[in-house]
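All chains are identified by letter, namely A, B, C, D, E and F, in their written order; residue positions are counted from 1 within each chain.
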Amino acid sequence: MYLHTQQFINEIAVDEPDPAAANALQEGLGGQFGEMRTMMQYLFQSMNFRGDPTSKPYKDLLQGVGTEEISHVELIGTTISRLLDGSPDYNGKKTDPVDQPGANGATPLKIALDHSNIHHYLVGAQGAMPVDAAGNPWLGSYVYNSGNLVLDLLYNLMLESTGRLQKCRIYEMTDNKTARSTISYLIVRDQAHENAFAKALESLGVNWGAVLPIPKTSAEQFPEVKNLLDKGLQSIQYTFSADDQSQAAKLYRGASPSNDGTELSTAVMPEGFPMTIAPERREEFAPGLDKELLALIQATAEVEIASNEK
Amino acid sequence: MYLHTQQFINEIAVDEPDPAAANALQEGLGGQFGEMRTMMQYLFQSMNFRGDPTSKPYKDLLQGVGTEEISHVELIGTTISRLLDGSPDYNGKKTDPVDQPGANGATPLKIALDHSNIHHYLVGAQGAMPVDAAGNPWLGSYVYNSGNLVLDLLYNLMLESTGRLQKCRIYEMTDNKTARSTISYLIVRDQAHENAFAKALESLGVNWGAVLPIPKTSAEQFPEVKNLLDKGLQSIQYTFSADDQSQAAKLYRGASPSNDGTELSTAVMPEGFPMTIAPERREEFAPGLDKELLALIQATAEVEIASNEK
Amino acid sequence: MYLHTQQFINEIAVDEPDPAAANALQEGLGGQFGEMRTMMQYLFQSMNFRGDPTSKPYKDLLQGVGTEEISHVELIGTTISRLLDGSPDYNGKKTDPVDQPGANGATPLKIALDHSNIHHYLVGAQGAMPVDAAGNPWLGSYVYNSGNLVLDLLYNLMLESTGRLQKCRIYEMTDNKTARSTISYLIVRDQAHENAFAKALESLGVNWGAVLPIPKTSAEQFPEVKNLLDKGLQSIQYTFSADDQSQAAKLYRGASPSNDGTELSTAVMPEGFPMTIAPERREEFAPGLDKELLALIQATAEVEIASNEK
Amino acid sequence: MYLHTQQFINEIAVDEPDPAAANALQEGLGGQFGEMRTMMQYLFQSMNFRGDPTSKPYKDLLQGVGTEEISHVELIGTTISRLLDGSPDYNGKKTDPVDQPGANGATPLKIALDHSNIHHYLVGAQGAMPVDAAGNPWLGSYVYNSGNLVLDLLYNLMLESTGRLQKCRIYEMTDNKTARSTISYLIVRDQAHENAFAKALESLGVNWGAVLPIPKTSAEQFPEVKNLLDKGLQSIQYTFSADDQSQAAKLYRGASPSNDGTELSTAVMPEGFPMTIAPERREEFAPGLDKELLALIQATAEVEIASNEK
Amino acid sequence: MYLHTQQFINEIAVDEPDPAAANALQEGLGGQFGEMRTMMQYLFQSMNFRGDPTSKPYKDLLQGVGTEEISHVELIGTTISRLLDGSPDYNGKKTDPVDQPGANGATPLKIALDHSNIHHYLVGAQGAMPVDAAGNPWLGSYVYNSGNLVLDLLYNLMLESTGRLQKCRIYEMTDNKTARSTISYLIVRDQAHENAFAKALESLGVNWGAVLPIPKTSAEQFPEVKNLLDKGLQSIQYTFSADDQSQAAKLYRGASPSNDGTELSTAVMPEGFPMTIAPERREEFAPGLDKELLALIQATAEVEIASNEK
Amino acid sequence: MYLHTQQFINEIAVDEPDPAAANALQEGLGGQFGEMRTMMQYLFQSMNFRGDPTSKPYKDLLQGVGTEEISHVELIGTTISRLLDGSPDYNGKKTDPVDQPGANGATPLKIALDHSNIHHYLVGAQGAMPVDAAGNPWLGSYVYNSGNLVLDLLYNLMLESTGRLQKCRIYEMTDNKTARSTISYLIVRDQAHENAFAKALESLGVNWGAVLPIPKTSAEQFPEVKNLLDKGLQSIQYTFSADDQSQAAKLYRGASPSNDGTELSTAVMPEGFPMTIAPERREEFAPGLDKELLALIQATAEVEIASNEK
């Protein structure tokens, strides 16, 4: 069973909207090696896990990383939404009144014709979608779950490393601060997950030598990433275990396979960052309420309820 | 951010394995109107939600139902796994030794050739997959999120009702107790979600008359469902809000739109049911460990760690 | 612009339901070489047609065949529905009461678990679907429209011949009379369309020698087909032109390219056959009306309207 | 059975070609909520319709709207073709001779490399394709036909409203007159169809309050739409019933659910607008005839036939 | 550039046709981890290979294994064809005359309705198709080619191991000798390829300990596999290099990573096995020639040509 | 069985990188009518070929053309890679240091955001992918193999002609010499293949008149193509038969069906052109080796092996 807390797993920096960056980030959300895929893959692997009761630490590791990925979907999805939100008048393109659809025959959405994915304005309302950066919808056949423990771990290591590789490439595509704050965070967390699966394979006798992490990067290259590495975020793994039943710490411990001199350790969850509600976009008819409907909503909001949730 | 607790949202009854029933349940997991879809749709709708701060109860309702759907994915996925687990020798078909792959040239998996989805034995290891009952992989383009509040709610109502319709049909396909315990529970919870979205539309002025719930069913028809209705499970909605910030109760209250005389109410989460680890299946090479690797795993399991998760 | 008349283009023979035959016929409806594809391909080719005004007979030929294909979709779709309708108790399998879902926990749909496409009972309500016989949904990328006239005609000839080949194979799979009445009719009409595109290529100088029709069949082989050939149905083409503007007759004339000694000729449309409404199936909740809703529908049916359609 | 008349359901205004607008309109043709989908969905729902004979008005309403959608496919498809036709030299980009492929090594199609969908020039010949605005091919799994009457109507209402929402967004993307003449017409017709399905649900007891139409728009916003609303086009529904057997008028009557003070009424079909044949595009090899083949075509065109179509 | 020799890479044993086994083998041909995928993945990785000239042994290893996979596609495809060929009367089901389509209204293909993939009889003519065992068509997005050498090798190791795992499972599904001769051969060759990529990673410093091969199998389990292991086929790699330019031997050497005590070595290519042409199947209209066309083909066959190929 | 020689089938001219041209060429590689498709289609048709032993020339023709297509995949794939390689700083866009990822927070890949297919930089490493020019992955359902000889040949003729048509259109999109050298070569080879299938149909009695080749082109139009036609490359077909067993010459002989006055003839294979290894791209982490890993690779390269390949 899952619980939710109204906080983001990392802070999303404020910057100008940027639909091209938003589109690049879609790969990290709905791509073959993005967060929706890691999330689903680990949840299925945990759900279908087989083995002796002594193998529980492996199941718990999968469950913990998988739960974190749901929060990553939430983080990168919201980041994409913020990069799109209000983008019709980004970059000084203000020839038509934006957010004033009442203007006589205006074209406030004309940006959609020649920027990244037209669906961001036409099918969604300047929000994230479950597709990759080339517009391909997410596919169930991405999920790998052979049931063979060595193979599943090997795939997961490759998967996290590929995700990290792609995010490093996205980093090199844009310097928008909103985009980079999330991309840098995920680069570091992907390394933490590389460590998790590499360590699990170490427990089965594999020695990785110097090949990790993948890709090889240097601190000078990605300053925002360096800040997070300095805090050791690549060497901690959360269990997100509300009832503290996880045994993942039996695996996620000892010297990091990334050869960076750190020791791996676990914790339940990080501190979170506050959530807000995105503003109305009238040119998208989102949420599309007229005065009459707005009044009804406000009546709902004012309801005093004996707090029956406790 | 999300947390996990090692408990199922409902109990899964014990019965014989049944791969054909398992395959039918795949529609409820990976089908166009299954739990993966409702989960993703509501998480995207909540993530991309737009509106005045007074509209927070609507966002919270979406978030709460969406979080519940993750637990439904876990429940129905595990149910499918149990229906498949050990199924090669179900139904008295024991001509070859099962789970003894050392037997000289035996065919312990021959059941796979003519029962439901061969991928359950060939690609997965007698476990659930993110596909529907006809084998189509789940598709990102299933997710609907127009950004228009009325439309999103209308779609969600239709989605829950269709999910419920399909589950009622699955109920009529099998009397396996494992399958029915989960299907019956989801029929009732889908009705609770029908109520949620119907009520949200009521708050915007729609009057549903006598069309709900969809489909119309009678208590005599589905005894397992009747048991759960008698407990009122169709008229409660959980917030799964770990920090108790949800305002969903402002919407989910008052007379049920299902016209069954009940009052709607909310709670944080239900009591859960214990999880176990599925046994090894040697004919699937899952987890596929030989003596040497097993010894290494046991060494991991015996690690005493200063509980650094606290 | 299109008009509809409430008649089928051919009579559908009465026989027992047969879900396996229904599934085979899905290839003729939603397969890569089925009626949805020919319909869409010719409508697009006609819509995007380029050329000198003297080329109008070619455009009109495409439009006429394309319009006929919509009626074929209607014919084969309805045939599939009839083969499925009531099939849960076909073949003597009457252990559970069908169409009486009120029975206590019965499994009237258990046939769905091991007969052809489970979606016929689970997603649809014993009705046709836009998929092929292997369950793949119809795809827009099937449609071929290069804009090059010779190529488009060559493709169409190949397309009709492949459709005819597949229907001859379906004929050999079942002797159900409902299935065969439609399949035999379409085998003959596909030959008429082979003739249409072969003749159009003849007008551009190609000589087909003895290769048509494809596949080669003999009258003794398919008795139901022979009956229709004896009536000359393979050598007539309808224009379905409500305003009689079609110039297709300038192409569809002269000796048949099938070398069967017939002369090609055109007509506006054939005589039709009456339509009926399929009965309720309570185990499918289709249409799923309870007494209260039925009473409302009857009220609508009794409305006397000043016939404003004239 | 279907008939065709060589007239468009609405007039397509003349303006410059505009490939980006053409691409946006592809969503309205081949998108998940476009005309191909509504057409197929209603044709399947009518074909598979179940119920008491008293429910015939519902079947007829579906059939009538479905038949109209075929004409919409024809209208928007042709509009896209016109927006593409000759577009290589639109917008003053005339560095290479267009439509003169004999020029020595010229690049008359270079526009294809950086404007909207390259397939419009490479796979098609400056013509419409069965894909959406992001290039995804149309999918059979879009079609919804649960067989449950309330659900099918609810889905259809949502579908028309979503189609209308997307077309309002397309309107805001371009002021090309060719594009807008068709988009505005379809916005109004989608509202007529919203009314159709909303009214059918009203007949089952639902009261829509003030939520319709979706999305809420104001007359000042979309001047071309206002012109059509002033003519009452949103409150009339055609039966396209060649044999006048439709009972749709029993449902499509009385006060409009859109709360605009109009009364709903039916008619057989609107007046049409003339069709023409698109010119040759030599750079596309469409139709690609050389002198010899052209002479053969002209010979066909001059054939005098005893009018055997009468 | 590629050359072909009219010989199979392994002998295909003779046994009865078996369509269910044929269908299982489709996973090995057109599945996500089948031979079409390995072939395409390695050809793309070799084609897009980047690096210092000293890295040529890695490129050559990829090219050599990739070329072998084309021969595997040929081998398993032909095996599937043989398992299907004549299958309508397999297993004593001879109620209708097979291969005599002239019989009056007979149903020689009725087996297609309830055995494995109906497309094997309806779309193909009892031959292999580029789909997996659940009927999903092969997808270009299967191909993985990140460009990062470590990642590509890691993926390839996982890919070969998964292919081997699936083939071991297929082995356990059927004891048909035709099927097993090919499956056993591919199990051993997949291990040779596991060794190739594991060794390449060893050259970069990884030590695999005891985890290889995956899955762990014992000789007693799969007798046909044991025969091939005894010949050392798991420890040799062919270069298939017609101009002997391959440097793969610099990598494929030394102790096997499978810990079986063998030494790795290379050779150009194995000896081959003769090819034949499959017989006509008249019930499939394949090749579908009548007397007149047959006479024309025989005329072609008798042409004496001055052997201009030398 | 297949062999490889480290030579290209044609020379790739040197020019500037051009990612838009690279993307257009993807249609020729991974499109519905591209080289991957022709390759797979002919290999399947040859593998599943049925008939009298006298029909061997037809099987051999298919096998020979199919083998050539593998070399075409290699040629066009490499051409795409060269057009992408180094493209981030093409066209004078050098604001950020390319290939120096160590630069502090630079954006060397920003070109990916607004040029052709972002996956060329994000998923691949400036290399070819198995997708078409609109980004759709290659699909197994493209492959056509009905088993009926006439139909398969007819389809193949249409397929080659469509491939040629699309390549003529691509020629008109770019004058980049790298792109044109390959496109022009393939235009001419597609004509050779048109001739092959047209001639095979001629042997069955069809007379093509003046419709070939498709599309009609004139020498002045495409100068690079004219050069190759002058060498007669459109009228020769290679067998690529390493054991010289092909009987394709019995079909590929006599006057060309293209009516260009040439005689058809066969040869084993053309002379080849040398291959090189593409350079490292550090901004793509391809191959992504640091000093330590590079040293290990160099050690491998220096291995002296007793040449066990001979």
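The working rule: contacts are C-beta pairs under 8 Å (C-beta built on N, C-alpha and C of every residue); 3 or more make two chains touch, one makes a residue touch a chain.
Not measured: the values here are computed from a predicted model.
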item	value
Intersection of the contact lists for chain D and chain F	A, C
Which of A-D and E-F has more C-beta contact pairs	E-F
Whole-Å gap separating chain B and chain D, where each centre is the average of the chain's CA atoms	39
Distance between the centres, which are taken as Cα means, of chain C and chain A, whole angstrom	47
Geometric centre distance via CA averages, chain D-chain C, whole Å	23
Two or more partner chains touched - positions in chain D	32, 123, 135-137, 139, 141, 146, 148, 150-151, 165, 204-205, 210-211, 214-215, 284-285, 288-289, 292-293
Chain contact topology (line, ring, star, complete or other)	other
Pairwise chain contacts under the document criterion	A-B, A-D, A-E, A-F, B-C, B-D, B-E, C-D, C-E, C-F, D-F, E-F
Chain E to chain A touching residues, read off their complex	32, 136, 139, 141, 146, 148, 150-151, 154-155, 157-158, 161-162, 165, 201, 204-211, 214-215
Complex interface listing, chain D residues touching chain F	101-110, 112-114, 117-119, 121-123, 135, 137, 283-285, 288-290, 292-293
Residue ranges of chain F in contact with chain D within the complex	20-21, 23-24, 27, 31-32, 116, 132-136, 165-166, 168-170, 172-175, 210-211, 214-218, 220-224
Chain F residues within the chain E interface of the complex	1-9, 30, 36, 40, 43-44, 47-59, 63-64, 67, 70-71, 73-74, 77-78, 81, 123-131, 137-141, 143, 145-151, 203-205, 239-247, 249-251, 253, 265-269, 272, 277-281, 284-289, 292-294, 296-301, 303, 305, 307-310
